[in-house]
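One structure below.
Chain nomenclature is as follows: A, B, C and D, assigned in order of appearance, with residue numbering initiated at 1 for each chain independently.
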Amino acid sequence: MNFASDNSWGAHPAVLAALARANEGAVMGYGGDPVTARAEAVIREALEAPDAVVRFVATGTAANALVCAQMAPSFGRIYCHEDAHIETSECGAPEFYAHGAKLVTLPGTEGKLSPETLADALRAGAGAGLNGGLGAMVSITNATEWGTVYSPGEVAALAGIAHEAGLPLHMDGARFANAVVSAGCSAAEMTWRAGADALCLGGTKNGAMAAEAVVFFDPARADGFDYRRKQAGHVFSKQRFLAAQMLALIERGLWLDLATTANAHARALAEAVTRGGGRLLAPVQSNAVFAEIPAETHRRARAAGALYHLWTDAPADGLDPVPVRLVAAWDMPEAMVARMAGLLAG
Amino acid sequence: MNFASDNSWGAHPAVLAALARANEGAVMGYGGDPVTARAEAVIREALEAPDAVVRFVATGTAANALVCAQMAPSFGRIYCHEDAHIETSECGAPEFYAHGAKLVTLPGTEGKLSPETLADALRAGAGAGLNGGLGAMVSITNATEWGTVYSPGEVAALAGIAHEAGLPLHMDGARFANAVVSAGCSAAEMTWRAGADALCLGGTKNGAMAAEAVVFFDPARADGFDYRRKQAGHVFSKQRFLAAQMLALIERGLWLDLATTANAHARALAEAVTRGGGRLLAPVQSNAVFAEIPAETHRRARAAGALYHLWTDAPADGLDPVPVRLVAAWDMPEAMVARMAGLLAG
Amino acid sequence: MNFASDNSWGAHPAVLAALARANEGAVMGYGGDPVTARAEAVIREALEAPDAVVRFVATGTAANALVCAQMAPSFGRIYCHEDAHIETSECGAPEFYAHGAKLVTLPGTEGKLSPETLADALRAGAGAGLNGGLGAMVSITNATEWGTVYSPGEVAALAGIAHEAGLPLHMDGARFANAVVSAGCSAAEMTWRAGADALCLGGTKNGAMAAEAVVFFDPARADGFDYRRKQAGHVFSKQRFLAAQMLALIERGLWLDLATTANAHARALAEAVTRGGGRLLAPVQSNAVFAEIPAETHRRARAAGALYHLWTDAPADGLDPVPVRLVAAWDMPEAMVARMAGLLAG
Amino acid sequence: MNFASDNSWGAHPAVLAALARANEGAVMGYGGDPVTARAEAVIREALEAPDAVVRFVATGTAANALVCAQMAPSFGRIYCHEDAHIETSECGAPEFYAHGAKLVTLPGTEGKLSPETLADALRAGAGAGLNGGLGAMVSITNATEWGTVYSPGEVAALAGIAHEAGLPLHMDGARFANAVVSAGCSAAEMTWRAGADALCLGGTKNGAMAAEAVVFFDPARADGFDYRRKQAGHVFSKQRFLAAQMLALIERGLWLDLATTANAHARALAEAVTRGGGRLLAPVQSNAVFAEIPAETHRRARAAGALYHLWTDAPADGLDPVPVRLVAAWDMPEAMVARMAGLLAG
């Protein structure tokens, strides 16, 4: 019963089958192969963005950090939520790739930046002059680190503020599919139609082994990006095996199906939490549940072998209720989800 | 009547005289000259640190950033106050020099870190594992950005916590002389005897044109530092002109005399603020005054031609009282300080 | 008939089968899974290096560049052959990862550094003082970029010179298996017993989809390496899929079998070149053939659909003989190799 | 009798006088002062470049490296002579500042790049694709590291080739005044009229204590440069003291007078070398003499206390003739130059 992370779970059989199919004969290396071309095309179609530049890397940290380096100079300010993955969970990758750029972290309820907070921060940053560095970009995560989802309208509001200040908007979409199906909109509505300039489209948490797509909606923003990716060691020589994973997920809509399943699992868990006297810390809009659960429920779940993270920096001994994070994955057995729900509902 | 910054003021005549004296005949370049050797020795003596490695650069930002790069790997966490100069006023220099290291900024009243805050942050940082990066160093500023001064005991408490976590302590001493004379201790008591591992000893705000000393109390910590400084373009070919400035300040105690004068000016201004119905935002322990003054006083001072910074990110129109920063310099005419005090006292 | 690169070819069925096997249930992410533990152990066994630290990344450029960053400071000098992959083919990755370290490139016949050349260069570099940077490491490639192989004795000679100067020796082993079977020695004899301090053990050209192992023979050299890899975006969340590839290659000796096959293919091609009136530009000791072939042979091969690189920066029109590079892969059909040999032999 | 380097010599009295003059009252810091404004204007006038952006730093390494970072991305190729100061004498500063950009070093007689060599290298570099990085800029030094001078026509030929490839041309002018007076042209003819895009105009070797100007002829090339300089710790708070040095040199033509004197000293030494049976290794066109002198002459000069560098990496014992470098400075006593000439002439 592993609810620790969607990273703990596996790859979809279609992904493995695609790898086997791609493993035929000799092709051009470094992305000059037909699988890569097809995967790029399929993603452009899924995003209704025929001019977009699409490139593949194997990790979300690489995707995010490379985009940061592409958009921010060493003296740039990258505005993001204080709980953003790029701030909390990438070991300084954006700063390393962007040669010292500064993440300016902002508060926001339920993992989301508000337009007011962003506008104020951009104004203050501009006022800091040389001392503070040059405003370079805004980065949001969708679905967020708290399992919530920005609607297209909310994305547009933030993009508008960023653009007014001359800054592009980056969307960390490690769980992009979960956000799209949750919002009930198209991938285009969630991104470039709302003003997003770059998207990291996550495959790994969505059923791939290790594959992410970096998308620049305006090709001019991708100038030099292939060199940057190469210099970072993120260009695969046998790239067809990277592209094939994304192709398998995107080409017939599997990515959205899997996200729908994972989101449904999370909702089932969330309902059980509430039934069991727990309290949700944020609305459950994607595949993660942040909640406080009664200590008794926590003990029972642990005793039953459930794995999940406590959601506190402080020592958890004696806490009641207990703050927890439960992450659902598309490949969890239904019975396992049901059993966990039963434990949570008490 | 310029109270905007001690940077607005000049160089002491003894510094200019020292430059003229150093300008005689040909010597070895790049620090192989007798003036440099003498200046290094004099600083070691002033710090009672015969084994310390002393090097000169021209700016405080260079000094701080080079020390950060020396002590922190690219994946390091540098713990500091949220108002630290390295965070707010160096355009990301520490992150640039340390190739992406992350400044972990902590709150603290009156510009000072408390031992509890630091201990908690180190604990949380250690718990973040690979995600958060590796704890690398702790940096404090003395005198602080709020004009307050850590006592040797306070330094020792922070150094103890840092050392317990295996991290060295860096002191940004852009206004180190002001701190030392304020605390009434020796330079040694304020630094290595209290556990500081590296000191940036500021000359520029203390009467030099542009000169700072970087001091590593344990020579092993300076391994490779000369290469680092060279690669950064901070090794002067005619280094005697850099060293001569520090020599002039330190060798006969001028640095402490000038700091004493500047601190006294600030105290005079602070007393006037209080007399005039203003309120100090932090104790005035060095050469800067942070205060709220009545709007009427502010208008009067501005009308009289007084220059100083408003101390707020927000628009200041209509504020009453008005938050301000007044910085005193050793070379302000007494009459000017008296006149400003008169304006502030109302 | 693709002889352009071993990167053009595929993955071994055992590798794909291992991926499928690894795709079972939920495990700890980021390397905390049993497949990773097993793969690391198997490599330590293969190298007879029970204390070695083994880590996985997906590309050879990442492996090399991360080792360079681990061993060289920003002001370091990295000594290598002028045709080294790290110099010619990684888009500046070592310099980027090591924050500006300088590759000092040295000549050497048939892709190999001679002890004399290395010793002279280290001496000259030491004499350059601050101007030239600090000697940091020596990097060699085995098998080399010219398809030749350093014997254990040759490695030991270079390692001895490096160590005498206080520098570690790195071996870029993108085609390490090819070198080992060619030299007829053990992996240990080729590396740590000869004095190598770090090895990049290539899987990708050896039958993996995308997998390389970084090996530090002295664990102390790996301090902080996990953070470095994480910050670079080269830690996979579902790392079992990276480790499984290496495990499949190493655990039952498949890596050596595949290299033996590829080397044999290359020898067959080399013999055909010679029979056909061509001339080998370097001894064929691994899986690459560098040769000049008659223009007529070249036309015939191209007409038959053979793909391979011309080996000259200059325009090739009208050249006779024609310099070419032919690379053999373990999964080339025997018939294809025979057909190409027939074309070359004329 | 110090002929080791122009760095060994001092600052012109006019420079010191300018510092004293600048040391009056309070001004805006960080370059917002009237001395800085005046110095920038005077340099624009001297270069007949009313739109140029002019900024000051204290060292030539900083000037060159900041320009490299401004013009080259991390994956950029910077083409330069193999003896260029940026390659041999800056400890990797350009690579550090440009985050890993690669110096592509080219041969060339007497320290100069030929148009053919440059054109060939740009062609080969473009052919290297992602592997080799992206062509970013061409850098030349004038006067060169071998004391020779590119004429405006030679600069124009190189600039034309660079521009054709889409690359800007940078001129390292650590001894720019020496080059200009040697060529008998204007500063404009030597730079932007010949196609140079950026100039590092050296003050330090020309009579300043430590001052260099960075000039971008097209203001668009300077976008963000102030942030870059600030992040590098090369923005002086009391910048008037940096600007005053350049102002003193440039404003009444002193820079050209001093260079004329230094060049004349070098010519006198060169004539003495020839008279004494020595051989010039390069034409003496600025203030440096590269020559082979009879071993007997060398012994005599050393015995008389003359300091200068041997110009060989190899051990010099027993060499006859002896390769040496003699550098003249504007402030060498005439009698000293005459005495040295006498020793050289035998």
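Please note the rule applied: contacts are C-beta pairs under 8 Å (C-beta built on N, C-alpha and C of every residue); 3 or more make two chains touch, one makes a residue touch a chain.
All values derive from a computational prediction rather than experimental measurement.
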Identify the chains in contact with subunit A as well as subunit D, in label order.
B, C
Reference subunit A; chain at largest CA-centroid distance:
D
Going by the touch criterion at the top, tell me which pair is linked by more C-beta contacts: B-D or A-B.
B-D
Using mean C-alpha positions as chain centres, tell me how far subunit B is from subunit C in Å, no decimals.
50
Suppose each chain is reduced to the average of its Cα coordinates; what separation in Å results between subunit B and subunit D?
34
Please tell me the distance, in whole Å, between the geometric centres of subunit A and subunit B computed from their C-alpha atoms.
41
Hey, what residues on subunit C touch two or more of the other chains?
30, 74-75, 90-93, 96-97, 99-100, 130-131, 133, 227, 230-231, 235
Parts of subunit A lying in touch with subunit D, wherever the complex brings them together
30, 69, 73-75, 99-100, 130-131, 133-134, 224, 226-228, 230-231, 235
Interfacial residue positions of subunit B with respect to subunit D in the complex
2, 4-5, 7-11, 16, 19-20, 23-30, 57-63, 65-66, 90-93, 96-97, 204-205, 209-210, 227, 230-238, 241-242, 307, 329
Which residues of subunit D touch subunit C in the complex?
74-75, 88-103, 124, 127-128, 130-133, 313
